[in-house]
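In structure tokens below, several structures.
One chain, chain A, links the two complexes that follow: it is found with chain B in the first and with chain C in the second.
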Partner chain A sequence: MKAKHLVLAALMVLTIAAVPVFAAGKDIIYASDSTTKTLDPHNTSDTYSGAIERAICQGLLGFDKNMNIIPLLAESYTYNDSATEFTFKLRKGITFQDGAPFNAKAVKVNIDRLMTGKYVRSSLMDPVKELKIIDDYTVKFLLKQPFGAFLNALAHPGALMLSPAALEKYGDDIGSHPVGTGPFMFQEWVSGSYVLIKKNPNYWRGTVKVDSIKFVPIPENGSRVAMLRAGQAQYIYPMPAELLKLVENDPNIDVIKQPSIIERYLIFNTKSKVLSDERVRQAINYALDKKAIINIAWGGAATEADSVFPAALPFFKKEGPWPYDLAKAKELMKAAGYPNGFKVVFLTPNASARLRATQMVQQQLQAIGITGEIQSMDVASFYDMLSKNKPDTVGDQAFIAFGGWSSSTGDADWATRPLLSTEAFPPNMSNYGFFEDKTVDNLIKAGLTSADPKVRGTAYAQMQDYIWSKAPWGYLFVDTLIAAKAKNIQGIYPMADGAFTVEEAEIVQ
Partner chain B sequence: MAEKTITPSMIFWQKFKKQKSAVVAGIFILLLVFVAIFAPFIAPYDPYATDYSQAMMPPSPQHWAGTDIYGRDILTRIIYGTRISLSVGISSVTIGAIVGVTLGLISGFFGGFLDEIIMRSADVLFAFPGILLAIAVVAILGPGLVNVVAAVAIFSIPTFARIVRSNTLSIKESLYVRAARSMGASNNRIMFVHIMPGTLSSSIVYFTMRIGTSILTASSLSFLGLGAQPPSPEWGAMLAESRDYIGVADHLTVFPGIAIFLTVLAFNIFGDGLRAAFDPKLQ
Partner chain C sequence: MLKYFIRRCLSILPVLLVVSILVFLFVHLLPGDPARVVAGPDADEATINRIRTELGLDKSLPEQYLTYMGRLFRGDLGKSLSSKLPVAQEIALRFPPTLYLALTSLAWSIIIGILFGAYAAMHRGKWQDYTAMIVAVSGISMPQFWLGLLLMQLFAVHLGWLPVTGFTGKFKELILPSLTLGASVAAIIARFTLSSFLDVFQEEYINTARAKGLPERVVMWKHAFRNALIPVVTMVGLQFGFLLGGSVVVETVFAWPGLGRYMIESVSVRDYPVLQALLLLYSFQFVIINLLVDMLYAVINPEIRYK
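Presenting the complex of A and B:
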């Protein structure tokens, strides 16, 4: 009996003692719809894993929360006019989390690793011929040919710097033991369950204000919102737009909205007879009620597309939005010889918002006689199917597919070249509609021949003017990112590409 | 005093009448059939007509069950959905029953090697949970309602085969079958004319209950995006379409959910009633 009481008393003391410990801890739980695939930045293809890597590692350059390029581990940089040589002065006195010094040698180890061509993000270093060490804190990239978007390649999460000591110790297993120079240190990754990062006490940019952040995958929209409302998560992304009503009036929850660089559009199979006609493609653009699609299918969380790439990217030129004008659409269909329309197939991933949007496209195109069945499938099968098409046979099936793209380098080149150039025909890249136009190819090249923003700006302005009216796509909208957080959390920002930054995270009372 | 003849169907009716809930379920099923057949005359709107300005309206005198995200009338879509659900349920079970009963008769009547093959194949099918087997079949054939019918039919076959086989085994030893054989009746005649009617009562019970299960399976497959494709007003597809709005616009999911629930329940209760009425041991 006595022993029992003692145990009980001990338990009570423990419980009481434990409470202040938890209350004093500055720990944040970040719930997302995505799962971590790897933590090796050089081998990462998804935005979510890349964003966690950014909390642990840093690159020579980085993005601020508005996707502007800022120097990070590099102090300054210079480049020549023809965009073939880029020199970086490195910041001194920085050490990796395992104590290894950050210097020119460390940069070389990382870039050389990328240049082996073995990793998913090796392509970022494709333009590079050689990396020269000038002195301990100066490196120079020599490129094979002019590549004006090279700074963006270095700001990309794929070019983050890992500790050379850790790379030697873990080899390609670095993906489960990342070590960088960032504000947080990797602590634990339980596959499929969570990734835990801990504050870096020696961070070179100053004191980190929270103790740890736990990244938890919660794929089901409703559960994520429920966790935030119940206080089991402090930050959720994405906040489903359909459920905004549930949190908007909650005094403990803030909703954050941020324009993105994710553009949504309809991919027209331009090799099919009906959709090869520019007038037909324009007619479809006139027949789409973009506002309705945004409000109903996307819960209002988007703005109408007004160019081939989103306004948050550099060199954007406003062209639209494309007006909703059924009379004009019918006129163009008649001029193209299809007054009664034709049949197509609508392809879409079965993710619910995209399926809704495709359904609305199907509903709206009936007005100009374009009808057809919807084929929906999981995202992987969808892209698998599109990338298996061949240019000489793809024309047999007139399809309209629901597409989307986020330029992960934050540059105009990556928003156009992989989608609309002839070199991007599948399986190489993502020109799934097989749009082929010499002028576009040349303008894309022109945009890369210089790193001078003025020269590039002119090329991209011309390109946007030209492509807009060619209507290779049905222009739809640009996503607005929505996150939701507990009121007392500050300093976590959603980024325009769907990633996030946690460096300034803090818990205020 | 004229003597009253008591036919088996009168006995059946006497017993069935006592099952009050089964009678109600039967009436409900008749109502469903009526609604399905006359859907275009009953439904107040066009099931496919969208009206974005009326999107997600809660139930009102104009729209008894409210409108969905595209402004379509939910009641109308449920009424049209009755057609899809009933026809999928009945056709798939009918196909399954025809194949299953035939296989069961063959298996029980001939025995031996044929019996082994048929019953072991049935065991293989039994090893899979129904919905899993259906998903596998649809994965092979591709999504779509016709393939869902095939999938549900396939996993109905083994149960019918087993029920009929066991009945066949006992009936084929009965005196009247032996009499028929001694008079030179062919195997086919004995199987289908003399044995099959005797197995029907238990098949009918299973048939009815199976329709409920099939409707549920078909809806589940559509919910998973493997069955009816949008804009079809299939109940499961309607649920799938509106599950993102649970908590914000509950009427989107509640009404199709109730439709599935009541229909499946009705077929099960009706089947139970039939079983009780057919069972000679129950008075």
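Presenting the complex of A and C:
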């Protein structure tokens, strides 16, 4: 009896195994180290899920592949000088994938949903007082106060437009049934295994050139590369820098490198006695051999930081890189009264590259007498610990923490205000070093109170000059993103924020 | 026997109750704030507070425990903080892949392990013994991620016979991960079987059997085998318990959509409901497996009976 069952089971298994793995068709498998968390754009906090949502849904505005803001569902927009009123003319004749029309009412449903404050991305609409429907295809945002970066908030994946009919039908389960206006329609999500999207035959911007894209999480670097080499994935991201040699000579594989908007830096606890002295902070910057850290800890996949925020963001002004000059560093330490250095604590997440980088920093700073133990912990504990510091007690411990930031709105404001303004002291935002400077606060405000690029540009240029010399951070590097793909795949681009765009994906012969 | 079985089953309940409290405390006392993780790295305090309230994490611990237990008794494991999907659904998706992998690995490692162990025991001190044990020790010592990646390179990338990663329900996809996962288990079983046989060989009934001129084959399989099996069964039960928890390394290397990887993902985002459910499930599995192992003793050796 039992033996019979076994034979039967074996037979069944063999029949299933005989079915070919890949059906013919224009299907792409995208393998990534990340796992899809949700497909509800308003409730998404991770870049990867947001990027998949962007293939399904679109916002009033979007980014092109160089992260410039472009109108998408909005045809055009105007705003007043004080950046308190933004009016959008909507594109006509667009329908959601379930047939619901896209119009001012649909926009209102989405913005109202965000404005309930229940969702992760509700904060994008914090500046909004009211959304007015002017006519069927015109909407006007009235803001509580000037907010020059508002266009970026609308280009953010958190402000993507979902079908009002689908929202009505699924409520908050929309995260498993997203419906938008994008080039691909949601097909299936098996949590932990894959997300499958298929082409939207009625896409308003033209014909989509592939039938489907399947997003699979492959956490192990070696396995992801193996998938690509065996032809079982056509596009992988990230392509691990340490395995580049394996694929660089493969005639069927292309490697794509893209400068990112992810900057890495050392957070100085500026409230501690030793690190409150800007000469000490400058000395540390002189003592850091950024090139060595990039090559050894980061597999070469980065470029030296040359301003407070990366070059791929708007209003960037080149300031550096900060030269590596030990003599100067020692001189500054002496001038500050620490010729023999002092003790600090190094804090870092225990992810291996970041830990390696911190170890190198620890080693390099010994040259100017700064020594200390490394405390490494998992990411959640790391940020939990930093965000619990209080401005009046944090000064007791001189710490240097390994930090990193990606401005998810793609704007200069979001690359500085949450990190270096007084209002951003933890727990409110991420100024973990408690850097406090009136000039910086004022320049940040100046950058926000206008939507005019000229006015903003001047403010941010001044700000970058000023902050760079004040050295609230140890400026390290800007990540280079590396992806790899099968040669015959075109039109999938990595974005500077670590996301990707698949709208133009095609398979060529 | 039946009475014993029922009594044992009932005794599971208080065990699980205690486990539920421990699990709840353990999970909630982990450093790290789920609201902060859910909100993302660039969220402001207002957003984090909103989410904390939304997730019910602003209430006191005893209050949260009571809510949790109340739901648990109604069979509701809650929703994942990270995916917002029901935890029961999330686990139901990942349990079969882990179960299949555990069963396949265990099946071949029991066969190979016992054969190797018995073979080494029969040829004690000869080259066959040494060879078998060298293979076994290599099996234990080989890091799983290394073995896994090697097998993958050979069979999936170079020869192209098998899929590289993933599991969609095909037997083909089970081969490499189960070989990788089973290698160390097979080795442990082999070592255990060997030492168990050697113990049994010291017994007088074996001497008697040999003295009355029975062929070694009969002594081995008829007289020694059953008795040697008892400690092996205990060990196999334990291993099965561990395998059912999902192997983090193998599931990561082969991108296996199972429980081991899910556990790690959930720890890193402090997904309390998922962690609680998984830890409860693990405890439950171990209790059940122990019960089954005890039952098996009686089947293997009729002398062991329970009152």
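Definition applied: the second predicted complex is superposed on the first by the 485 of 509 C-alpha atoms of A that agree within 3 Å, B and C clash if a C-alpha of one lies under 4 Å from a C-alpha of the other, contacts with A are read in each partner's own complex, and residues count from 1 in each chain.
In the analysis below, a residue touches a chain if its C-beta (ideal position, glycine included) is under 8 Å from a C-beta of that chain, and two chains touch if they have at least 3 such contacts.
Values in this document were obtained by computation on a predicted structure and should not be read as measured data.
For the composite obtained by overlaying on chain A, chain B and chain C can both be accommodated side by side without a clash. Once the two structures are overlaid, the count of chain A residues touched is higher for C than for its counterpart among chain B and chain C.
In the superposition on chain A, A:Thr458 contacts neither chain B nor chain C. In the superposition on chain A, A:Gln363 makes contact with chain B only, while chain C stays out of contact range.
In the overlay built on the shared chain, the residue A:Gly222 is in contact with chain B and with chain C. Judged by the touch definition given at the top, the superposed model places A:Thr35 against chain C, while chain B stays out of reach. In the superposition on chain A, contact of A:Gln490 is made with neither chain B nor chain C.
Within the superposed three-chain model, A:Ser193 lies in touch with chain C and out of touch with chain B [touch as defined at top].
Touch criterion met: A:Gln232 reaches chain C, while chain B stays clear of it. Once both structures are fitted on chain A, no C-alpha atom of chain B lies closer than 7 Å to one of chain C.
Comparing the two complexes, residues 222 of chain A contact chain B in one case and chain C in the other. Within the complex, the chain C residues that touch chain A are 31-33, 36-48, 50-51, 54, 82-85, 89-90, 93-94, 145, 149, 152-153, 156-157, 160, 163-172, 252-255, 257, 261-262, 265, 267-270.
If you check the complex, the residues on chain B that touch chain A are 50, 52, 55, 69-70, 225, 229-231, 240-241, 243-248.
Taken in their complex, chain A has these residues touching chain C: 13-14, 16-17, 19, 21, 35, 37-38, 40, 43, 45-46, 117-118, 120, 122-123, 126, 172, 175-176, 190-193, 216-220, 222-223, 226-227, 229-230, 232, 377-381, 383-385, 387, 405-406, 408, 414, 418, 427-430.
Chain A meets chain B in the complex at residues 221-222, 240, 242-243, 245-246, 289, 292, 295-297, 350, 352-353, 355-356, 359-360, 362-363, 373-376.
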